[in-house]
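Order as written gives the chain letters A, B and C; numbering starts at 1 within each chain.
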Amino acid sequence: MANKPLLPEMMKTHGVSRRAFLKYCASLTSLMALSPAMVPRVAKALESAPRPSVIWLSFQECTGCTESITRSHSPTIEDLIFNSVSLDYHHTLQAASGHAAEAAREQAMKDNYGKYLLVVDGSIPIKDPGYSCIAGISNLDMLKETAAGAAAIVSVGTCAAYGGVGHANPNPTGAVAVSEIITDKPIINVPGCPPIPVVMTGVLAHFLTFGIPELDALGRPKAFFGESIHDRCYRRPFYDKGKFAESFDDEGARGGWCLYKLGCKGPTTHSACATVKWNNGVSFPIEAGHPCLGCTEPDFWDNGGFYKPLSVPSGDYRKMGLAAIVGGAAIGTASALLSKAGKAKAVKAHETVNAHDLEKSS
Amino acid sequence: MDCNHPSAKKPSATADVLSFVATGNASPVLHEVKHALIQLLKTGAESVIDLGAIPFAPGDDRVLNEILGIGEVHATLTVMGESHVRETAIPGVWCVDHLDENGEYQSRFIEVTYMPNILKTQREDAERGLETLAERLGALDDRR
Amino acid sequence: MNNPAFDLLMWARGPGFDIALVIFVGGIVLRLFEISILGRKRDLAPAKGNGFLQGLKTIFSRSVPREGLVKFAPVTYIGGYVFHIGFFVAFFFFAPHIALIDDAFGISWPAAGRVIIESVTALTVLALLALTYSRFTDPVRKSLTTFDDYLVLLLSALPLITGYVAVNKLFGDPTMMLAVHLLTVEALMIAFPFTKLMHAVSFVLSRYYNGSIQGRKGAES
């Protein structure tokens, strides 16, 4: 690792000024959701942080996460973050393939054993490991082998973090999250389908500068996943006023009203979409007029339907209700008739007695 | 907070309704700025407020710009994309916007200071400047 | 990795709601059939008034307190009114609830704003507390109160309190609190047909019976 130059030296050789580095640190601090007072500490950490080797493993995934992180048009922050790491293996991005690629992975592991950062996207099938293999190695084996020498693991995307679409009902491949297999390494979950590019880079930056960020109960960095979409949504004032879009093409939808009734999962979804936004801060789904699907939460595929409001039951409850009416009527009638029959029987069995008879019997 | 700022015109049916949506966060930020300005005058302590850390709707931006106004200085920096450093109509309160090479916002700050640090020449750059100047002078002397 | 709060919410929205709905609807229908089939003993005496009309009238007239009674039992009357109207407003005018009704029956109406819903909810809970307090302090009411009454008070208060907590994120994970809110509502639904909560439906029948019996005898309600 000593032969890899530090970030400021690299910037210098690229003709990047100190002022540009300060701007970069200011934006990075903001990106990491840290206080601006932390800028000098971020600068200092970046000046002294060694460039870690990064191995990126892709398992049962759609490459959406990789697309997301590379699809940022501006070659600035993301680019610089990648300049400050040494991406030694990423089978989608690297030129080598097959055994040559695997050799690169093995070399990087050997050279940096115990120190490299492992990034994973995609879920791991455990029902039959043969469902997903790379160069003849099953995902399960490759994860176990590579995780053994990792300093930490970043599970990028909901599939790696929580199982995602592979894990969705009925889960034919037995897909599980990284954390279900690896339990002895620190794991940072960066869920999302896909995650916001700057959130991925922000988490990597945090790892480079200050180590593992503070995580919530689901292993997500609190800086980006601490608040719900609903709490940070610019449409929240409409929710509070009781103004809702009822369809995708009504006055409310055109007026930018709250999308709760169209199935928005904002109230139960934790992500930075509403503040960081997408495509360099252009917009986010709700701003584009679509309810939040809740993609940063475990099992969001099985949340009862993307367009069903959160307050609406997820099952086929109408049939149950009708059955209950029929059943209730039948039992009620039977019970009433039984009571009537009992009453008639009692009347029939009724014997008249007078005081005289009673005296006799006692 | 009300969606309509008192000074706002009623939006027409076709107007961009969203620019009148506000989260109500402009007012606490402005109070924070006031507090920071008091501190600057009292103790000389500078402060920076990260606008990216606060949920802001277009209506909040409008309120912020209306209250702070446009001041005397507007510097454009060309460092990995442009940066705009503007003093507002409230001297001592600066808006610092960092854009990337595509002109998209990277980060936005309000700095309460006599002079934003990013405007100053950094020592490392000056050192490199000296080296460059020496090189160029050497080249000039060689030509003679 | 699972989120227990989310799983609980999905259970409450899925199987939990189905179970509660079957018991709630089935129980109400069962009891209504029972009540109407059993009916009442025929009154063979000649009618002195119109029992049917008096019965109908009584359904509504009993909602108005008799003169002097508000002064006699202010907590019961005022608290009772505040609770019933408040519960109605909080249930029928909060947007997520309207979304549920819309989904089930295809009808909807404008929702009330947050300020209205939240102040009404707070008032309703206060009214419930006052009603409970009067049950403890008034010796007559105390001796009349059974376990069933306290259970019903608790079951009606919990959805209001948990709903308020979930919406305002007062404490706990918001997803978990939403799940807890649904579960408390489901508990209320399950208890409904078998406790005095049933009065919300059966008051129509009992008032009609009372009114028509008296009306037939010539008494005006």
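The rule we apply is simple: a contact is a pair of C-beta atoms (placed from the backbone, for glycine too) under 8 Å apart; a residue touches a chain by one contact, two chains touch by 3 or more.
Please read all numbers here as calculations on a predicted model, not as lab measurements.
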Pair exhibiting more inter-chain C-beta contacts, A-C or A-B: A-C
Of all other chains, the one whose Cα centre sits farthest from chain B: C
Chain whose averaged C-alpha position falls nearest the assembly-wide average: A
Mean-CA-position distance for chain C and chain B (Å): 57
Centre-of-Cα separation between chain C and chain A, whole angstrom: 39
Chain A and chain B: spacing of chain centres that average the CA atoms, whole Å: 33
Footprint of chain A on chain B - complex, ascending: 1, 3, 17-18, 21-24, 48-50, 52-55, 57-58, 77, 79-81, 83, 96, 98, 100-102, 104-107, 109, 117-118, 121-125, 128
For the chain A and chain B complex, residues of the former touching the latter: 12, 16-20, 22-24, 26-27, 29-31, 33, 35-37, 39, 73-77, 232-237, 255-256, 274-276, 280-282
Chain A to chain C touching residues, read off their complex: 161-163, 177, 179-180, 189, 217-219, 228, 231, 239-244, 246, 258, 260-261, 267-268, 297-299, 302-304, 308-315, 317-318, 320-321, 323-325, 327-329, 331-333, 335-337, 339-340
In the complex with chain A, residue positions of chain C that touch it: 1-3, 6-7, 9-10, 13-15, 17-18, 21-34, 37-38, 93, 95-100, 102-104, 108, 110-115, 117, 169, 174-175, 178
